[in-house]
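Presented sequentially are two complexes of subunit A, the first with subunit B as partner and the second with subunit C.
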Partner chain A sequence: MLQRCEGCGAFTYPAREACPSCLSAALIFVDAPPRGLLLAETTAHVPSDVYFRERAPWRIGLVKMNCGPTIVAHLHGDCVEGAPVRMSFQLDKSGQAVAFARPEGETPNMADDRQWRELTADPRFRRVLVTNGRSAIGREVALALKVAGAKMVFVGVAEPWRPFAGENLLQGQDGIELVSLDAADEKSTRNLAADIGGKVDILVNTTDYVRPGGLLDRRGTSIARDEVDQAYLGFINLAQAFGPIMRMRGADGINNSVAWVNILSVYALANWPAFGAYSASQAACLSLSHCLRAELRPGGLKMMNVFTGPVDTEWFQTVPPPKVAPRAIAQAVVSGLKGGLEEMYVGDVAEEIRQRLASNPKALEREFDR
Partner chain B sequence: MTTSLRTPYDGIVMAAPVTIPYVRYSIDSAQWWIGRALSALVAQAGIKVSDIDGLCVSSFTLGTDSGIGLTQHFGLCVRWLDTIPLGGTSAIAALRKAARAVQARDADIIACVAGDTNHVDSFRLTLENFSRFNQDAVYPYGAGGANSSFALIARNYMRTFGVTRADVGRIAVAQRANALRNPHALMKTPLSIEQYLAARPISDPIHLFDCVMPCAGAEAFLVMRDETAASLGLPAARLLSTIERHNAFAGDPMQVRGGWAMDIGELYAMAGVKPDDLDIVQTYDDYPVITMMQFEDLGFCGKGEGAEFVRQHDLTIDGDFPHNTSGGQLSVGQAGAAGAYLGLVEGLRQVLGTAGPTQVRDADLCLASGFGMINYDRGLASGAAIFAGTSR
Partner chain C sequence: MQGEVLQGKALLELAGAIASDAVRVVDLSFTLSPDFPVIVLPPEFGQAAPVRIQEISRYDARGPAWYWNNVTFGEHTGTHFDAPIHWFTGKDLANNAVDTMPPKDMIAPACVIDCSAQAAQDPDFLLTVPIVEAWEARHGRIPSRQWVLLRTDWSKKGWRDYSSLRDDGAHTPGPDAAVMKWLVEERGIIGFGTETIGTDAGQAGHFEPPYPAHHFLHGAGRYGLQCLCNLDQLPATGAVIIASPLKIQNGSGSPLRVIALVSST
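Let's turn to the complex of A and B:
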């Protein structure tokens, strides 16, 4: 994304308030062609900032974009002066979007580059806790992370003596360890954190509790209480048990603690009355996630929310397609971590709601009540 | 040669060059350093504080004070006041503005002062908060500061024109030789080209001896009309011409030239001299490669011939091209905005014959230049002035 002038069409960078070609104030951020040429590079050996000092030497360069501007960028190790590069903005440890230049083509072990890994949360070589292995989402996420090169995937299972579907896919697998975890139970989360808290580089909160209904068709608060217990208080338990130690390990060597992931319903963003109370519990989790993002920031951890539409599981059985396959969610988790993102939208429903919220939120609300 | 349509600086002079000797770190404030410079100006010129009726100040470390606060701080009652935040071009810009003010009789005696303190963390804080573009689009990239920004410029320039580190090093080595004759220079040990080449890398191709040392200090001079100087019995140098340019050559993808290149025709035309006529040259040496660029852009050689130029000339005090005779910022130290004044004030001493141990024999015609404000990817500001001593 770069600013482009609506008046004269010129791209500009760094961001500013008036176009340097025609002084128009109509500078709109748009997706810019990502190609450029690396004009010059340097390696900072003695940075003045403590963060970079610890990570020196650090390589940066100046890139002339094909669309016009020149951009100071972090460099992938395989970038060569005078050669074409492709640019992207990545979120750094402080949450700022920074330009990153990668070689135009693929190079061997490209994702393992030291500076690239500093700006992403790639699960490769890292240890992950998936909080709920009983669900199809939890199972698929665990398996996808393993395929993505995670060194160890801990999979939380409440009441582990009770068998569950797909247990055989996880049990006894190399690099996958089932652990006892009931997120809704404060003691259970604390016990697990005492055991493995210092070994969790990425936590994927797959806890969910889906029940249909809004307000008037339910009687009393017992179901709502369960929803809050499982999703919202479960999130708090997990955050309080694992958040502090993860934040402390944000700079713990090269396979440090890097990210927290929540899988949330897209109805956290806009209430769907058919699942109205569930939507509200998800909205509470979303709000809390922004709090957690701010609190994890000093440790440099990323907080990613993966928004999904109705999933192809039993609790959404009455909802017509399109529905999201648990495997698609798992793939989104992996690709979001590899890209170091803060938000992912999985499936057509989630993407549609994202777009419609941006264009006309009141129309979306009106549509949902039919 | 181009002719200039600008009003000449007839009868405009500079006097009382003041340097408050630099220290690496100071527990004093910028206000203290500026106060010392004003006090020295008054003493050297033999005037009263109340005779100063114009003030121009440059500093990075005044905190919330601006020029107006300083008038009360120092008991000045002026009728002309300016604050110039142009980094390395501050001295040239101050001189230009002050010259026109005394020419128009808006003021009679203007004190141009630059001073900065250097606390232990001052430099890093200045880097972190330098400009908005810098905060957004430079500092988060390795926080190499000006070193990394100039490293990119230097690397591109050196590759484009086939310049080696040994070529650039000649400038730094010659300046160190000059500095050894300046008792106030912070660098007090000789520097050989071998030591220069063996220095540790800071941000390739910038190595240790390409960098200035941030320090505390102040510089100042007075601007007035010649009849004022005569009535005070003050030796003064005549201002012959100046140029100033900002954001030049914005279309160059990387900086290989500064704004001087747009204006040198006028610089020499207004002064009525040629580059060969100059006795001494004081360039803005935040990095020696920038000095090499200035040799080209100020007309001493063609673009891309800077390396050959420094190979062909001896840049020391006794050499055939006396340059940065005090040792320059590279060897004296960079006292913030005072770094912009260093060359101009030393040049002033030279043409007045008061440079003492660094005096170039028969120095009469001087060019001093400024360069500064790396807002994003390049130095935005450039300026230069030519002035002459009493014997011309």
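Let's turn to the complex of A and C:
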């Protein structure tokens, strides 16, 4: 995304108050054509910044965008001076968007580039904990991460004495290990962190506790308590058990600890009364996730929230389509990690709510109450 | 007066016998922990809250010299007691909750019926009247106001086999409907205890009436004990059970420490 002048159509970078070619103040951010040409490149051997000094040598270059501006960018190892490149903004370890240039076409093992990996959270070669393998989402996420090249996927199973659907899909799979984890239980979470906390490079919180109902059609607080127990307190237990050690390992070599992922309902953003109490529990988790993001930042870890609409599982069986397939969520998790993103919206419902919330939140609320 | 004097002496003799191990104290309870299986109802029903133990402090900044926890659990978790108010059949009885039940009902002898061999063969094994009659032929008629404890050695299993859940529910041993009615009405038992999760068999929802142990016991103001262990350390007759549930206001049951007094001779 770059600024473009509404008056003359020129793109400009870095961000300005007025267009440098026509002085119009009407500059808006739009998706810019990502192609450019690598004009010059250099390698910093002794950078002044302590972060880069630790990671030197570091290649940077000057890219002339086809749409106009010239941008200083981090370079993929396969970028060649004078050759066309693909540009993107990536979130660096401090959460700032920085320009990154990749070769225009695909090159062998392109995603394994050292500088690219530093700006993303690719699960390839990494060890991942998926917190709840009992749910279809957890199962699909575990399998998708394996396909994406994760070295090991630990899959948490609460109440291991209870059989569950799809257990055989995970059991005995090479590179997938079922571990005992009840995130809502303090001791269980702490014990697992004692065992594998130092090996978790990516944690995907797939806590899944959906119950219909709002306030007036429910009796008492038992279900709400379960919702809070599972989603909110479970999140706290996981964060307290795994967060500190993950943050500590943020610079632990090339396969360092890189990311925390939450799968949240998009109704965390706007209450859906049919699932009103559930929405509220998700909103609490969303708020907490922003706290976690800030607290993980000093270690350079990314915190990604994946928002979904109703999922195609039994607890949403009364909800008409469109619904999101658990597999689509799993694919979003993988692609978000590969891109080093902080937010993903999966499916039409989630995307629509995001857009409508941005344009008219009161209208959205009004529509939900019908 | 004479009786009271003798009773006082007998109590001191009992205390001495416990101290000298002439009377053994057998712990029939599992440790109350988050790891222990709880009853699983179909998900559309309300569920028993699992056992949660949250540290308040552990000799640390939250409390430098002391360790303590906040504990939460459902009334029917761990080794637990069922009061008559637990079931609809006992809902209108007097003193039917754990806080109002007569304290003297908390101490009573037990008859232990060993069906461990049959249960090892068949997880859906059912206790029947003929089986109990055969037991009586060897050990004598079950006296009234005694516990009947069904020994299955189920408590020795790993948690997965212990809960024994399949797609159609739990498959664990228990009493059939006829024997429960008979034990309550013909033998006047004070209660019925099992090693499994629930006084009823895993598939008892399909019996007539459903959940006959709950139905007949609680309908007649009697009690249930479940998730017991160490029943193999009890004699067929003569053990005395002490089962005093927490005094929860209008409580339908509670986790508890169940102990048995067993004569060593």
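The criterion applied here is as follows: the second predicted complex is superposed on the first by the 370 of 370 C-alpha atoms of A that agree within 3 Å, B and C clash if a C-alpha of one lies under 4 Å from a C-alpha of the other, contacts with A are read in each partner's own complex, and residues count from 1 in each chain.
As a convention for this text, a contact is a pair of C-beta atoms (placed from the backbone, for glycine too) under 8 Å apart; a residue touches a chain by one contact, two chains touch by 3 or more.
These numbers come from a predicted model, not from an experiment.
Student: With both complexes superposed on chain A, which partner does A:T107 reach: first (subunit B), second (subunit C), both or neither?
Tutor: A:T107 sits against neither subunit B nor subunit C.
Student: For subunit A, which side has the bigger count of touched residues, subunit B or subunit C?
Tutor: B
Student: Name the contact category of A:T221: first (subunit B only), second (subunit C only), both, or neither.
Tutor: It touches nothing on subunit B or subunit C.
Student: Please indicate which partner A:S287 is in contact with in the superposed arrangement: first for subunit B, second for subunit C, both, or neither.
Tutor: Once the two structures are laid over each other on A, A:S287 reaches no partner at all.
Student: I'd like to know which partner A:Q317 touches here: subunit B for first, subunit C for second, both or neither.
Tutor: neither
Student: In the superposed arrangement, which partner chain does A:Q355 touch: subunit B (first), subunit C (second), both, or neither?
Tutor: Neither subunit B nor subunit C is touched by A:Q355.
Student: Please indicate which partner A:T70 is in contact with in the superposed arrangement: first for subunit B, second for subunit C, both, or neither.
Tutor: first
Student: Answer with first, second, both or neither: which of subunit B and subunit C does A:R162 touch in the superposed model?
Tutor: second
Student: Would you mind listing the overlap between the subunit B footprint and the subunit C footprint on subunit A?
Tutor: The answer is that subunit A has no such residue.
Student: Name, in rising order, each residue of subunit A that touches subunit C in their complex.
Tutor: Interface residues on the subunit A side: 159-163, 182, 184-188, 222-223, 225-226, 229.
Student: Please name which positions on subunit A make contact with subunit B in the complex.
Tutor: Counting only subunit A, the residues touching subunit B are 13-16, 20, 39-49, 51-52, 56, 58-62, 64, 70-74, 92, 94, 96, 98-99.
Student: Could you please specify the touching residues of subunit B with respect to subunit A in the complex?
Tutor: 123-124, 127-128, 132-133, 136-145, 147-149, 151-153, 155-156, 159, 200-206, 250, 253-254, 376-377
Student: Can you name the residues of subunit C that touch subunit A in the complex?
Tutor: Residue list for subunit C touching subunit A: 34-35, 37, 40, 46-47, 49-50, 52-55, 158-160, 162-163, 165-166.
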